[in-house]
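Comments concern the structure below.
Order of writing sets the chain letters: A, B, C, D and E. Residues in each chain are counted from 1.
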Amino acid sequence: MRKLRRLPLRLVKPKDDEEDFFHRPGDMPGTIIIDADAPAPIIFLIDYNKTDVVHKQLNTPEECAPYLDKESVTWVDVQGLGSADILERLAKVFDLHPLVLEDVVNVPERPKIEDYDDQLVIISRMVVPKERVCGFYSEQVSLVLGKYYLLTVQEEPEHDCLEGVRSRIDKGKGIIRSSGADYLAYTLLDAIIDGFFPVLELYGDHIEELEEEVIVNPTPKTLQKIYKIKRELLQLRRAIWPQRDAINSLIREGNDLISDEVRIYLRDCYDHAVQVMDMVETYRELASGLMDVYLSAVSNRMNEVMKFLTVMSSIFIPLTFVAGIYGMNFDTEKSPWNMPELQWYWGYPLCLAVMGTIAGGLIFVFWQRGWFENFSKINQK
Amino acid sequence: MRKLRRLPLRLVKPKDDEEDFFHRPGDMPGTIIIDADAPAPIIFLIDYNKTDVVHKQLNTPEECAPYLDKESVTWVDVQGLGSADILERLAKVFDLHPLVLEDVVNVPERPKIEDYDDQLVIISRMVVPKERVCGFYSEQVSLVLGKYYLLTVQEEPEHDCLEGVRSRIDKGKGIIRSSGADYLAYTLLDAIIDGFFPVLELYGDHIEELEEEVIVNPTPKTLQKIYKIKRELLQLRRAIWPQRDAINSLIREGNDLISDEVRIYLRDCYDHAVQVMDMVETYRELASGLMDVYLSAVSNRMNEVMKFLTVMSSIFIPLTFVAGIYGMNFDTEKSPWNMPELQWYWGYPLCLAVMGTIAGGLIFVFWQRGWFENFSKINQK
Amino acid sequence: MRKLRRLPLRLVKPKDDEEDFFHRPGDMPGTIIIDADAPAPIIFLIDYNKTDVVHKQLNTPEECAPYLDKESVTWVDVQGLGSADILERLAKVFDLHPLVLEDVVNVPERPKIEDYDDQLVIISRMVVPKERVCGFYSEQVSLVLGKYYLLTVQEEPEHDCLEGVRSRIDKGKGIIRSSGADYLAYTLLDAIIDGFFPVLELYGDHIEELEEEVIVNPTPKTLQKIYKIKRELLQLRRAIWPQRDAINSLIREGNDLISDEVRIYLRDCYDHAVQVMDMVETYRELASGLMDVYLSAVSNRMNEVMKFLTVMSSIFIPLTFVAGIYGMNFDTEKSPWNMPELQWYWGYPLCLAVMGTIAGGLIFVFWQRGWFENFSKINQK
Amino acid sequence: MRKLRRLPLRLVKPKDDEEDFFHRPGDMPGTIIIDADAPAPIIFLIDYNKTDVVHKQLNTPEECAPYLDKESVTWVDVQGLGSADILERLAKVFDLHPLVLEDVVNVPERPKIEDYDDQLVIISRMVVPKERVCGFYSEQVSLVLGKYYLLTVQEEPEHDCLEGVRSRIDKGKGIIRSSGADYLAYTLLDAIIDGFFPVLELYGDHIEELEEEVIVNPTPKTLQKIYKIKRELLQLRRAIWPQRDAINSLIREGNDLISDEVRIYLRDCYDHAVQVMDMVETYRELASGLMDVYLSAVSNRMNEVMKFLTVMSSIFIPLTFVAGIYGMNFDTEKSPWNMPELQWYWGYPLCLAVMGTIAGGLIFVFWQRGWFENFSKINQK
Amino acid sequence: MRKLRRLPLRLVKPKDDEEDFFHRPGDMPGTIIIDADAPAPIIFLIDYNKTDVVHKQLNTPEECAPYLDKESVTWVDVQGLGSADILERLAKVFDLHPLVLEDVVNVPERPKIEDYDDQLVIISRMVVPKERVCGFYSEQVSLVLGKYYLLTVQEEPEHDCLEGVRSRIDKGKGIIRSSGADYLAYTLLDAIIDGFFPVLELYGDHIEELEEEVIVNPTPKTLQKIYKIKRELLQLRRAIWPQRDAINSLIREGNDLISDEVRIYLRDCYDHAVQVMDMVETYRELASGLMDVYLSAVSNRMNEVMKFLTVMSSIFIPLTFVAGIYGMNFDTEKSPWNMPELQWYWGYPLCLAVMGTIAGGLIFVFWQRGWFENFSKINQK
């Protein structure tokens, strides 16, 4: 049951069951809470322009300060939320509003876009499909976009779907090297949204398997699987819905940090978010439909079981009664009316014939009503 | 199960199960993915004005270049997405934005309208009814409208519902020959939307058949059929809903490429899209209602089975008990109280009479409660 | 099943099952399709002003031309859609846009309002209650309002709820004779909307009957009736919803052909449309509730049947077992331990007493649990 | 069933089943329909200013004419709709638009606000809780607000929740005596909205009772009660929803007859309407939940019944079989293999021991699976 | 049942069952109703600026008058609604509109924001988790914000989640001491909204427990628990929904009393409200899903019970029949055809062999159909 348990909590609280990780009511705004299990932050820096790319792993947040005001695009990627000290120093270097730091650190936050004077903060949620089982890892990615830099903060260093972007920067594919930090932000957002498709693919396949299972061999396990799918799709919906809204408001309301060129690309990104949402909703409806089919299939099975019992009982109960009759001990000598059949020459064969006729008649009636039809097809394991 | 399996995937990924056909997260925007199974593109060109019509099948995309700037209307119809090279050359000839090419090639894309400076891109979805079975082929049709040309790209060369438009151009029926490319675009959109009606017709008929089946003879097959209908209507809804929105935004926001005259026609097209959506929703509600009726019918059947068992058991169990009594071996000689009935002159006939009375009484009770009523009507196959 | 079959199709396609009556994809806009079964059009003309009323049945559409430009109000009422020729000549006389003719003739069209330069086209749907059974006839009524004339086109000559309007014109009741064509259009619309009330009345009564039936004597027939109601209410909703929207847009957006005076009256008409919709929705919820009640009632019945079986079996099975014991043939002479009860003086009476005690105890247990309570009340036919 | 029948009809048609009370399609707008059963109108007049209050019961509508233009506030309260003559004379005195008279008289009308030039017409619906049973009386109250007067028309003289307002006028409590007719209108509206709370209170209590009943002792009666609640809440929703909208539009759009001061009070009234709606919706969801719980409880009960039957049958059927074996009449003398057990010294005791072991084993298995657990708790009446 | 009963009423009426605590229809606006059980109000005053903090418990409302116009921030916190006199004097000191006093005192009021000229009134609802059980205390907190003061009125002195704010004021943490009354109001609102998270945490954990229970061991208790969760989530939704709307309207419409700085913080508070709502909705859907799973699990169980009965009956009924045959008393001496088997040398062993074959065959059939599979897994307690 472990896997089932963890899932709905991922959007609610981090891993440790003992402590409270949500903001305690009455806490100062900007209070950050560090989960003892959280991995220590690792800081990567990529600084590039049309001609050069610098890759670095930084030891202290302060090391990235000199890059921030340069015209080259600086991408600072922090992975892990396990140190209040480092995160606060980072906030200082980037001059983050206390509320921004809170949003970035106190995961899970609802995906959203916040517009500060010279920074645009995008809280988003990234999903990465699990291998071999149908499920996904989910983590928060916060983007802080400045004029010449982009700061991204991920919950943990594993399960990342941004590798493609890094390689495009390295290889200088497309226009990424000649574009600004806003294009980089778009690229990452696009990668995050597109990261939902492989996850949905898994669910699509899983639903198909269940469609067969629910009709061919519905077991209580099937029920659990359907419920699990419904629950995880609910999570996906909660992750994608606000991201769509956020991207939409970014396109509509605009922002000085986002160029018109990039806005066109964001429209494409928005379309994909809508498509993800569409698929999530469709899968949810299919899962609900499966639940109905499951219930009906269970009813059908019970029907078949009942029919079997009824056929067996209905045939043998009258026969047993007839046998019971001739097992009675009425004294045949006291009266010619006391069970004279027992003395007949053809008594026993006649009795068997009567039983055979009763059984045959009942079987005919059942057959005529089609009760035997589904026995072979349905109840087979 | 093949047919069932394919359907929900058609809007998700192309035919091959082994490869991923969705945009990989982190891919460059504009990256196009060619499915190995996709048919090679065939390019048709129709160029017409009031007086002349030219029909041509082109070998290379470049051949259509000379037609594009002429004032005559040029319709380039590409069928099949199986060659990256040809599609990229096509994009060059038509000067398509990389995102447009991606939308056109990386099917399935959600239907939408994108407004580029001098091109209007309409992604739409065409459905064609299957023959003999209740189902449909679904493919993406992308329209790129320029001042004097219209480029359409279809997923595959089969299952096309645009033949009527081609014949109207040939025969010069109506005002199509004297109108511009925008009217042609409208005509195609209208044909695509109207193409939903014959498909819905199929489902309407199928639902009617099921309405009878579900009451007269509900089997597990019926359940599968209802689920299949619900699922395919879900697909139709996903196809028509965004098309309606797209057409509506086209009417409302306007565009230089669309004349006022054509906008009036688009209103009509919009009305039809709404009508399609209405019908889809109605059919979905009917299908949901059918599921309820199915469940009730199964319950009713079980009820009848139970009644039958109860009637049979309730009648014979007391009789068997009576027979059991007189089958006991108490020694009648040891005491006048030990089963004196066995020695009576009328013992056996009396015993049978008692049994008959019990059976008759029970049958009367059952008959009075109306338990026999539905036997003949319902359980009949 | 005929009646059931016809209903959902009325909004989908006309009567003939063999031909397709929907617009074929690719057809020219304005193409009209004539159903072979459609009754031939009959043309009535009423021309009136404050002082005079002229009634006429016309033979050709052209006969109404002289009336159209006169300041008196001219109401041309066409009933039946069975002749392409007449309808096209009519369109010529009234100078209809091809799309209008298509909307008017190719029924069923979704109710809507179209604003052409000097004509206002209202497509609406009229329902007329059936006599004696719960159901309704539904037909499309199209209104084309010009400055001095109103053209109405009905699908068929029967089942009309406009008689009251005609008589008001004749008798000069109210302000109709001194008002313009816009007031006449309002009057007809109002009559059409008010025509929904008697139909809903039928359904209200029918639902009440079913409420009793579903609890007192639920049969599979009941289920069919509930489903039929749900389905027909769905049709009514599809008919009234767009009419409400259409009237609303007419009030809000205004039109030169509609005077402010009449707009106040339209608000009243709009309120009635909303009231109809309210009632339809309420009835739909009641019908859904009935379905739940039905399912529960069937479950309850099965429960009672099961209880009966359980009571019968549980009482007699132990008794039969006891009788079986003393029917065994152990040789009482071989051992004093072999069924000595058979030799007892009070053996048989004691055995019967034991049986009576067992039966009494079980009956007491069942009675205490209240299992006998509902037998008399529920299962009664 | 009487009570059940009446309720849904109250919003549809008045008491008499034989006649049609809805507006006949084609009737002249403004046609009023008098129900033969409707009580004759009684006319009360209260005229007050800061210093004086006049109470009067009027015989003719014309008697109130002199008060209408005086600066003192005049409240004319008409109770009963049983006379076309009086109502039409009233309309003349107050100079009502024919549509207003229709709305006021042809109950039930949907609650709404109509803005005429110098009159504001508010159609609202008043509910009054029934005594001792859970239910309510519902009647239409129409308010016509003029500069110095307020006309209210109630369906019937009984069941009024406006007594508190009258007493406030008499006693001069609060600011009512020094305020205008608009404040009086607000006060009445507020009383009408607040009148929903005691009704909802009844339903809240009733739902609580049912929550216990549905778990402790679900019977078919319970089902009927739940359905009845759902149905009556549907009515309440239909009554309160449009009133909220009407009050909201009054606040937003404003009107010369309503002072800014009173508008603040209306906001409070609006909040209460929203609160009523909230409660109605909550109760509806609770009632739907109850239906689910009921269904589950019935299933649970059937489960217990089945378990009982299964336990009884499973224990005794094998025992009876064993007894049957030794009731066979194989001739023990013909062969030492023919039922030698019958001749054993310990044959019978051994046989009983075997039976006891079988029974004990089965009981152990059932006990281990927890089948005995719920017997005592659940099935108790 | 006590706990269950109390919950839905908390938002409807206070503790006493005998009296009516809602506003009686017709009551004067501003009428306040004091619950006899309500605790007497205790008044706390905190007055602070950058340098000083004054804590005081006041005896009379008038004591706080001197603080109100000073530039230091004055927070007057009233806990308990048990005295009309004190509350009215308080209203006088703070110059409250009668409607404000009514809203504050006549709990429960729907959360909302009212904008008076120089006061901003915020009605909100605070929830505090219960200890050890899954549940919450809910009370109304009203905030009246003036230029230099904030008045808060709580329903009762216990269960407060504002302690964190008080300690921040005392310790001078963050910017609270250097900010105005608007920041204090925001801080309290934020604490109230954040107070929903620990409550939701409880429900999240409880749902997880139920997910296991519903599959492993569904009992009628489980059903009650699911219903209780659904009902309490409904309450939470009713509490958070209007608060979100209120905060949103505060951000959008603005108010002179709220500085731009604080408005940024309110956006954060709004985001948390949305997150709470999201979680409530997700939990509600999970709870609904659980209900479905429960129903299916009960059906599955019944299925297993039925299978057990069927297996037992089907195996032994034919055997008992065979035993019955050879228990018949046909006279073997009258005819060689009368049960000659009884005289055979191997008669009895053969008979037993036949029975064994029948039983074995049936067991094989059941095993093949997988009927034995789920016995061990499912029915275990």
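Operating definition for what follows: contacts are C-beta pairs under 8 Å (C-beta built on N, C-alpha and C of every residue); 3 or more make two chains touch, one makes a residue touch a chain.
Remember, predicted model here, so these are calculated numbers, not experimental data.
Novice: Need the graph distance between chain A and chain E over the touch network, please.
Specialist: Step count on the best path from chain A to chain E: 1.
Novice: For chain D versus chain E, which are copies of one sequence, does the interface use mostly the same residue numbers on each side, meaning over half shared, or is it different?
Specialist: different
Novice: Overlay chain B and chain D by their C-alpha atoms and let me know the rotation angle in degrees, rounded to the nearest 5.
Specialist: Resulting rotation angle: about 145 degrees.
Novice: Counting in whole Å, what is the centre-to-centre distance of chain B and chain E, each centre being its mean C-alpha position?
Specialist: The mean C-alpha positions of chain B and chain E differ by 40 Å.
Novice: How far is the middle of chain A from the middle of chain B, if each middle is the mean of its Cα atoms, in Å?
Specialist: Computed from C-alpha means, the inter-chain centre distance equals 25 Å.
Novice: For chain A, give me the residues that contact two or more of the other chains.
Specialist: In chain A, the residues touching two or more other chains are 295, 299, 302, 306, 309, 313, 317, 320, 324, 327-329, 339.
Novice: Which positions of chain B touch chain A when the two form their complex?
Specialist: It comes out as residues 1, 4-5, 8-9, 11-13, 20, 22-30, 97, 99, 102-103, 109-110, 112, 114, 219-220, 223-224, 227, 230-231, 234-235, 238, 291, 294-295, 298-299, 301-302, 305-306, 308-309, 312-313, 316-317, 319-320, 323-324, 326-329, 332, 339, 341-349, 351, 379-381.
Novice: Could you pull out which chain C residues touch chain D in their complex?
Specialist: Its residues touching chain D are 161-165, 167-168, 173-174, 176, 187, 190-195, 197-198, 200-201, 204, 207-208, 211-212, 215, 264-265, 267-268, 271-272, 274-275, 278-279, 282, 285-286, 289, 292-293, 295-297, 299-300, 302-303, 306-307, 309-310, 313-314, 317-318, 320-321, 324-325, 327-331, 334-335, 337-339, 368-371, 373-374, 377-378.
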